[in-house]
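These are the structures in question, set out in turn.
In what follows, chain A forms one complex with chain B and a second complex with chain C.
Take a look at the complex of A and B:
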């Protein structure tokens, strides 16, 4: 679903985030308010301009009066809310999530075309992941290099589904989808046909630009050369959903 | 009673190797073997990866000579693209290769081998390392460290990183050289050349003292393989393969690197993870040859730079006739090559076209098989890939410089053991000589962390039933 259009008569609420008194529109999510106010909140699936997914769980925050953590990307603000975004517990959880992502598939940064320009790598550095405490699964996943312009390396996919959403919601092609369960889960093009044989793909490259890691990349790039540009997304999203 | 002496691990080299000496009833050496005991698996685990990842993947083979793998791999990828890279791109790659040869040779000579040469084979192993050299001859140790730093700084200036830079890419390099960077590199070279000349002149005075070692340290009648320019001169980056026999006759010349399989075969033995390449027409193991600085200088008619050519002429005078046969003279050859590398870098950097912005040819894969050959500090390095229609690797063959020398290293330790090891009276210095002949080859197992001679070494005498009857330990 695309983000709802802005309501003209929406109310303003006041809330407290990390001991700062803030005001926000009541139709905003916690992560939107945090980003407007330069309060860093990590996320790998959320992207301004795409629908909410809530899959990576990196944006979890503590809200006073709640006995569980809430995802900042999928929780709307409310009057009097008191939120903590960076407690020791949250830092520990985030680090663990990132370690699990690294352990699940092959994310060796040093030989990745996205090395130095990768959101997962950047978050790992920020969260102090200097080693991974769980055993690596070491399971090889396929690489689909059949597309003339792009390549998907499932070893580097974190299943954030940004590619699925941008293709469906912005490009309107819905080439990408998700199949399988658990560790067999992977993104697919059309009905799990090679990307190069996809009839619905328009080769627009939006999926490549929004991918946070080196899973979706341009052909012809060498190590560290895949720099992604996501500036187009909020602009296109606004135009798509303009009344 | 026959016994086996095991030297494990071999020190002041990189990685994990073992030497076994089989002794006969009278304590004489019956057999000697050099075992590479580590398994890496690069040729297998690269399968399925996109070919453009290969330069970065294979560069991880080594932390001392990653640039060599980077270049050979990128040349194999250039071959897959079927492109001719822009001349400036090629020259920039050459500079990086020469910088690496400078730093790697400096490491081999100063950090790994000079303790033996300066302090003596039988000196106390506690101080027989670079720190011992610092105490004995601080100026020489400083020179070694500075020379290596100069080589590493040039690699960093070009590629952004001292180790595992990714600046070299299929089709050329990914960024042209700026004026500031060029000037910064040019500024370093005169000091480097001064150090290289000073060390070379000093080493020349030492050579006569090592007559005995020159006789017994792998003085073998082998062939020599290296790249040469089309004119038959010294070449490290491109060129054509030349093989000379022990008498100096050219047996193969101007062989395009793509035809390497016609002249080089590979054998395997069950006692080592290292392959045993040989000259195909002569079969295994008769087709023994050596690579590296000694082979390159034996094969080259000239270096092409002023001071290195003088040094090359002096190098050829080490022996009355024919190619220089003693592996001990690898050290000498290394110093000549450092001089050449520094002179050549200066020449390339002073050429105004080095600042040209055309440094990369772009293409997609246009053939299914790619072969890249360059000269690593330790010898000829061959990368050979096959890819599928989507550009994913289906098959890899790597012939590493040290591998070419495998047969020669095995024969060399036999020769040294015959000359120095007395099975009835084991001395630490005997073992050090056996190790030192391996260090002459500067095997690509080299790694800075092992450079200090601190690793434990254990030698065991076993009887025929495998029972340990005597042992000696250090470290």
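Take a look at the complex of A and C:
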């Protein structure tokens, strides 16, 4: 779903975030307004320039009058909204989500190609995750190194679908998809065939650059060497969606 | 503990590489200041052979991989008022836990038979039996403070100890992280 084109005369609403009075365009999401105003909100699946996914739930906020938490990346602002972004409850939930991500697959930061340049690792530190309280599942996932330039290590994948969206929406190749349910869920190339045999992949590398973890990396990278560059995304996204 | 007092500290390594202890020594001249504030009563770094009845702070490096590691972790928990997991192996299993993805028998075969040319055999005497699953310390005993890092920097260790000496609760995430 492409983001709706910006309307020429949208209304401006006023709202309160963490006891700050702010105004915003009514077609903005909570996370966009927070980013504009330098209010930090942890997020993993959200990426400026891609469509909304709302899957990781890290960006949840408390909105007065709502008896459930709302995802800041997929909730539009409204007149008079009162939002809390960093309550103890939210901190607890975020820590738990991050711990579950670490426990679900296999993350050994000290020997990971993305060590020091990983959004998951960085969020863990920022949210105070200094250990994982649940037992690690310890189930091995496959690694596909068949592509001549890139590699996918499903052990490090957090299923944020950024790769799926960037390949479809920005590159226009739609090589990636999601297959399976629960713990069997994984991203696939073409019809679950090796990436190296993909007929749709143009080898542009966009998926690798937007992947927040060490799941998608360049071949030949060693510990801590995989540094990603996402600067291309907002620029290309704007051009793609230009009227 | 509102005023600085001399606290007793015990350390040991389980399934780790001793790198966290080396990082401890990397505190360099700050060790002199530390020596005025703490007493290291038991550690691979000192001579004493027995864990005293009560110790203020225990530091454990490495994960729990053998019956011996498990015994030491339990002893530290019994004797230490505050128990610290020092480094990624202690905190999350890290590299030692990578064997959990294979059967223990296969790991043994690989290490002591497949890759050995001279008299391949699995050692049984004088070595502790390995546990099927490698666990972080808190997978077996309660841990009070977690200091991730591989190894945590000397600065991080200094910060944590100093906070404890000053009677504050350290926030390790402010100075270190997994893989740091």
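Everything below uses one rule, namely that the second predicted complex is superposed on the first by the 243 of 243 C-alpha atoms of A that agree within 3 Å, B and C clash if a C-alpha of one lies under 4 Å from a C-alpha of the other, contacts with A are read in each partner's own complex, and residues count from 1 in each chain.
Keep in mind that, in the parts below, contacts are C-beta pairs under 8 Å (C-beta built on N, C-alpha and C of every residue); 3 or more make two chains touch, one makes a residue touch a chain.
This one's a predicted model, so the numbers in the text were calculated from it and none came from an experiment.
**Student:** Since both structures carry chain A, what do chain B and chain C do when superposed there: clash or fit?
**Tutor:** Pair status: clash.
**Student:** With the two structures laid over each other on chain A, which partner does A:225 touch: chain B (first), chain C (second), both, or neither?
**Tutor:** After superposing on A, A:225 lies in contact with chain B but is clear of chain C.
**Student:** After the superposition on A, what does A:170 contact: first (chain B), second (chain C), both or neither?
**Tutor:** A:170: touches no partner chain.
**Student:** In the three-chain superposition, say which chain, chain B or chain C, touches more residues of chain A.
**Tutor:** With both complexes superposed on chain A, more residues of chain A are touched by C.
**Student:** With the two complexes superposed on chain A, say which partner A:140 touches: chain B (first), chain C (second), both, or neither.
**Tutor:** Both partners, chain B and chain C.
**Student:** For A:151, is the partner it touches chain B (first), chain C (second), both, or none of the two (neither)?
**Tutor:** first
**Student:** Mind working out whether A:124 is in touch with chain B, chain C, both or neither, as first, second, both or neither?
**Tutor:** Once the two structures are laid over each other on A, A:124 reaches chain C alone.
**Student:** Counting only touches as set out at the top, which of chain B and chain C does A:111 meet: first, second, both, neither?
**Tutor:** In the superposed model, A:111 contacts both chain B and chain C.
**Student:** Which partner does A:132 reach: the first (chain B), the second (chain C), both, or neither?
**Tutor:** second
**Student:** To test your reading of the overlay: chain C has the stretches 23-31, 41-49 or 131-139, and exactly one clashes with chain B. Name it.
**Tutor:** 41-49
**Student:** So which positions on chain A get touched by both chain B and chain C?
**Tutor:** Dual-contact residues (chain A): 110-111, 115, 140.
**Student:** Mind pulling up the chain C residues that touch chain A in the complex?
**Tutor:** 85, 88, 91-95, 97-98, 100-101, 133, 136, 138-139, 143, 146-148, 150, 171-173, 176-179
**Student:** List the residues on chain A that touch chain B in their complex, please.
**Tutor:** These residues of chain A touch chain B: 110-111, 113, 115, 140, 142-146, 151, 153, 196, 219-225.
**Student:** Can you list the residues on chain B that touch chain A in the complex?
**Tutor:** Those in contact with chain A are residues 48-50, 52-53, 55-57, 60, 164, 166, 169-170, 174, 362, 364, 390-392.
**Student:** Under the touch definition given earlier, write down the residues of chain A that touch chain C in their complex.
**Tutor:** Its residues touching chain C are 102, 106-112, 115-116, 121-122, 124-133, 135-136, 138, 140.
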